[in-house]
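Provided herewith is a single structure, encoded as C-alpha cells, for subsequent inquiry.
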Amino acid sequence: MKKKTYLGKLSVLITLLVIVLLPLGAQGAKATQNKISYFSGRVETVEWDTQQVANFEKLNPTIKVEYEFQKDASNVIKVKLASGQAPDITTVVTQDFIDSGLFMDLSDQPFWNRILPSVKDLCTDLKTGKQYKVATNITMGGLFYNKQIFTELGLKDAQNWKEFVTNLEAVKKAYPNKTPLFLGGKDSWTLGHLIEFWAHGVAKQQLGIPGSRQAFLDNAVRWDEPNGIMENFAKALLELRDKHLINADAITATYDNQKEAFASGEAVMINQGMWVVGDIIKLNPNMETNIGFGPFPSVVAGLKPMVLSSEDSVYVVSATTKDADAVLTFLNYLFQPEVQKSFSETRGIPSAFVDVDANWSPIKDDATRLVNSYVNINFSTEAPSGLSVDDTGRLIQKLLHGDYASPLQFAQEYQKIWDSAYATSN
Amino acid sequence: MAVPALVLFSLFFLYPLSRGVWTSFTAWDGFSTPKFIGLANYKAFFQDSRALRDIQNTVLFALGSAPLLNIAGLLLALLLNRTFKARATVRSLLYLPAVISPMIMGSIWYLLLQPRRGLLAILLQQIGYEATSNWMLSGSSAMLVIVLVNVWQYAGMTMIIYLAGLQAIPIEHFEAAELEGASRGNIFRFIVLPQLTPALKINVITNIIGSLAVFDAILALTDGGPGYDTESLSIYIMRMSYGNKTGYSTAVALILFFIILIPVLFSLKFFNAKEKT
Amino acid sequence: MMKKRDALDYPLYPVVLIIALLALIPFFFLLILALKSPEGGLSSIRLIPDFTWSNFPSAWKAGSLGKAMVNSTIMTGGGIVVLISLSSMAGYTIARFPSALNKTIFAILLACMMIPGIIITVPLYTLLITLRGINTYWAMIFVMATNALPFSVFLYSAFIRSIPISLEESAIIDGCSWFGAFWKITMPLLGPVTSSVVILQGVGMWNNYAQAVFFLQDKAHRNIPLAISLFFQQYGANWPLMAAAATLGLLPAVLMFLFFQKFFISGITTGSIKG
C-alpha cells in the first residue's frame, strides 16, 4: 500500500512535468525562419512598435522579429549581455557598451544620407570617429511656461539668471498661490535632468559640443572648482528655494504631480523635455494652445540662454548578430518616410530625417524659434555610465534638504561621485 | 526523503550562490569580463559612508518593524482565536494586505499619505484642515511611516502563524487549567506561551530577516530619500549592481547576510533552549 | 465542542471592527481610484466615486490580463505542488532524524534564507539559459519553489517536532514504512501548517516580479506582476486604469486565500490532536 501512494505522488509530479515540457519540444519543429530579436526600453511606443513588427512580418514572411519591451531595459540588458544573449537590435546604448565593441559599425549605411548632419555628429563615437548608433529623432528640453500668465504679466524669455529670477518673482507677486517653478523631486531623475540642462549645459556652451563630449570622456571638467559650474548651480537652486520660487514640497512631489500642476495652471513653469507635452494635453486639452516653450538661463554669468536639442530614439545593432541582412531590412523598413512620420507624431518629437514632414506637436513653432535663436546643447551620454540621473538627482534632494554646509560642498560631492563612477568604467 | 528537496535546492540556489560569491571578489561591471581583486570590495565597504549610513537605516527599521510585527501579530491572533460571528471574514480581511505585492501596496500608501498632495491630505483640506508638516522631509519621521506601513501589511501574516500555533493547543489543556482555577494571565504564561514556541521562533526569525532585507516598501514610499536618509542596504545593493558595480554589490550583499545572521543565530539559540524545557 | 469561554467578549467587538476597517483602507481607496473617470488628475478625486465600471474591462484588455492570469495560475499552482511535497518530506526527515548531517542541512537551508536574492540573479539567469529554461513554465516553477523551500522546511520541521512521534511509531509497528507513516498519519495532522505554507508562499509566487522580469520575457509567458508593471509604464498617467488593473491582479490571490483558510482551519478544531 505504501508503494502505491509513493508511486502515485511521483507519477502526478512526472505528469505535471511532462505537461509543461511538451510545449518546449514542439517549438523546435518550427519552419526555418530568420529570427531577429528587437529589445526596446521605449515605453511610449510599445503599441506602435508592436504594430510595425506585425506590418513588417506581413511584408517579409521569411523574417520573424521577436519584440521584447522592458521598462527596466537598461538593467535587464546587462544581464542579457552577461549571459551571451545580446539582442540583435536594441535601443539601450551607453559609451561603455560602445567601448566594449558590442555594436556593429553602421557608418557606411545609406540611410545617413537622409539624416540631418547635426544628428549624425551626435551619433558619432568620439573615440573612433565611427557611428555605432543611429537616431531617428530629435528631442528638445527647456522651460515650459504658461503662455496666458506670461502674456498677462508681460514676461519674456529670460536672457540671463537675474532676469529669470525677476520673472519668477513677478509671477509670485501676482499669484501668491501658484508655484513659479515646479520641481517633482521625489522622482529624482527630474532633478538629475536639472543638472543635465542647467549645469552640464554650461560646460557644453563653454567648450562647444564636440569639445565638451571629449572633456566628459576624459573626465577633464573640474566640477568642484570654486566659483565654478557646480557651485554656481547650487547657489542658484538655493536662491530659488530661499525666495520661495519653487514649490515647498519640491523634494516630495512627483513627476505626475508636476505634470498635473502645470496642466491645471497651478505651476507656471517647469523644466522638462518635449515628451511631457502629450501627457499635459491629455490631462487638460485646453493647454494645447497654452504651452509655451523657452530656453533656460545660464547659472554662470556671461553666457547665453540654452535649449537642449539632442538625438533621440536610437537604435544599435549587435556586433555578433547572426543575420545582419534581416536586421538591416527591418531597420530600413522602419526608416521609411511614412513610417517615420507616424513615429514622429506618436512620440510628439521632430524627426531627424530630412524627408519627413510631420505635425508632431503644438509647440513646433516655438521649438523652431528656439533652435534658431539660442545655444543648442545636447544630452550628455558621455557621463560615466555607472552614474545615472537618478544618482545625481539625489544629490539635489540633499542640497534642497539643507544637507550641505555650503554650495561648494555640494560641488565637491558631485565631483566625488563623478570620479568614482569614472574610475569604475575605466 | 529529503533528497528531492536537496537536489532542487542545490541546483537552483547553491550553485548560483557559489558563482555569486566568487563575483564578490571581482571588480565586475555586470557585462564585460570580471577582474579578480581579492578582498578589495570588502575593504572598500568599511570606507563607504553611504553604505555605513544605510546599515544604520536598515537596523533602525528592523528594530522598529520586527518587534511591532510580532506584538501586533500575537495580539491579533489572541483576539481572533475566540469565536464570534464574522471571525472567518475578519481573519481574511486582516490577512488581505499581505496578499498584495509590497511594491503596489507601497505605491497606494504613497498615494494616500503623500504630504500635501496625497488623498489623505486632499480630504483633510476639504474639511478645512491644512497640514503644514511634511513627514517625508526628515529621515526619522519617514522611517516611522515606513515601519507602520510595513507592520500594517504583514501583521496579518504573522497572525496566521500564531493562529496555527494557538489552534494546535489541545483543548484539554485549557479544560484542566480551568478546573484548577487558573487565571487568564497564568493560562497564557504557562499553557499558551510554551506551546507557541514553534510559532514564536518562526515569526521572530522571519520578521528579523524580512525587516533587515526591506526593499519594496521603502522604494515605493520614499525612494530611499530624502537623499539617502531612508535608503536600506538592499536598495543600495540593487543600485550598485545596476550602476556597473556588480562585483562590489555582491560583496555588500554578503555583508548584509552576516548582519542578518547574528540576530538570527541568537534567536535560534534562545528558542531552542526554550524548546528543551 | 465550542465552549462558551471560547467566545469573544462583547466589549472587544468594536476593537475588532476598527482593526478590520484599518486593514481595508488602502483597498477602499484603490477601489475608489479604479472607479474614477479618467479625466482630471489625482487631485480631482472624491470620496464618492464616479462608478466608471468600464475601467475594469478596459484595463483587462489593455494589459492582456487574461493570458497573464492563466500563466500565473499555472506557475503558482505548479510551484505550490512542488513546494509542499518536497518541503514537507524534508522537514519531516530533519525533525524525526536529527543526525549531524540533517542538522547541517537544516542550518544551511536556514542560512540561505538570509541571503539577499540579488546575489544569485545573474548566475541563475546564466544557468537557466544553459538549461533552456527561459520563457518556460517549468523553470519558473522550480525557481519559485526553491525560493520558498527554506522557509517551508523551517515551518514543517518546527511543527512536526510538536507532534508526538508515538503516532507514527504505532503505524510502523503495523507494517508501514517511515514514508508511508508520514503521508498517512503525520501529513493530515499538518493541515494548519500546509495551509499556512500555501497561503504565505503561494502569495509570494503569485507576486514574483524580481525574477520573472528576467526569466519570463515573451508576452506568452508573462505573469500578472509583469503585466501590471508594463501596464503602469504604458498608462503611467492614467491612475484609474492602473488601479483597475491592480485590483484585477490581486483578486485571484485574495480568492485563493479565502478558499484555503476556510478549508483547513475549520478542519483542525474538530479533528484535533488526540491523546
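For clarity, chains are labelled A, B and C in written order, and residue numbers in each chain start from 1.
By our rule, a contact is a pair of C-beta atoms (placed from the backbone, for glycine too) under 8 Å apart; a residue touches a chain by one contact, two chains touch by 3 or more.
These figures come from a predicted structure and were not determined experimentally.
Set against the C-alpha centre of subunit B, every other chain centre is closer than that of A. Pairwise, the chains sharing the most contacting C-beta pairs are B-C.
Averaged C-alpha coordinates put the centre of subunit A at 38 Å from the centre of subunit C.
Between the CA-based centres of subunit B and subunit C the separation comes to 16 Å, rounded to the whole angstrom.
Contacts with at least two other chains are made by residues 30, 117, 246 of subunit B.
Residues of subunit A found to touch two or more other chains are 79, 82, 257. Among all residues of subunit C, those that touch two or more other chains are 42-43, 82, 85, 122, 126, 179, 239.
By the touch criterion given at the top, residues 74-75, 78-79, 81-82, 96-97, 100, 186-188, 248-249, 251-254, 257, 385-388, 390-391, 394-395, 397-398, 401, 403, 421, 424-425 of subunit A touch subunit B in their complex. Interface of subunit A with subunit C (complex): residues 1-2, 5-6, 9, 12-13, 16-17, 20-21, 24, 43, 46-47, 66, 68-72, 76, 79, 82-85, 256-257, 259-260, 263-264, 279, 282-283. Contact residues on subunit C toward subunit A in their complex (touch as defined above): 40-43, 74, 78, 81-82, 85, 121-122, 125-126, 129, 132, 136-138, 141, 176-177, 179-180, 183-184, 213-214, 217-218, 229-230, 232-234, 236-237, 239.
By the touch rule above, subunit B contacts subunit C in their complex via residues 1-2, 4-6, 8-9, 11-17, 19-21, 23-24, 30, 76, 79-80, 82-84, 87-88, 90-101, 103-105, 108-109, 111-112, 117, 119, 122-123, 152, 156-157, 160-161, 163-164, 167-168, 170-172, 174, 178, 195, 198, 201-202, 205-206, 209, 213, 234, 237-238, 241, 246, 249-250, 253-254, 256-257, 260-261, 264, 268, 275.
For subunit B in complex with subunit A, the residues that touch the partner chain are 27, 29-32, 114-117, 134, 136-137, 222-228, 239, 242-246.
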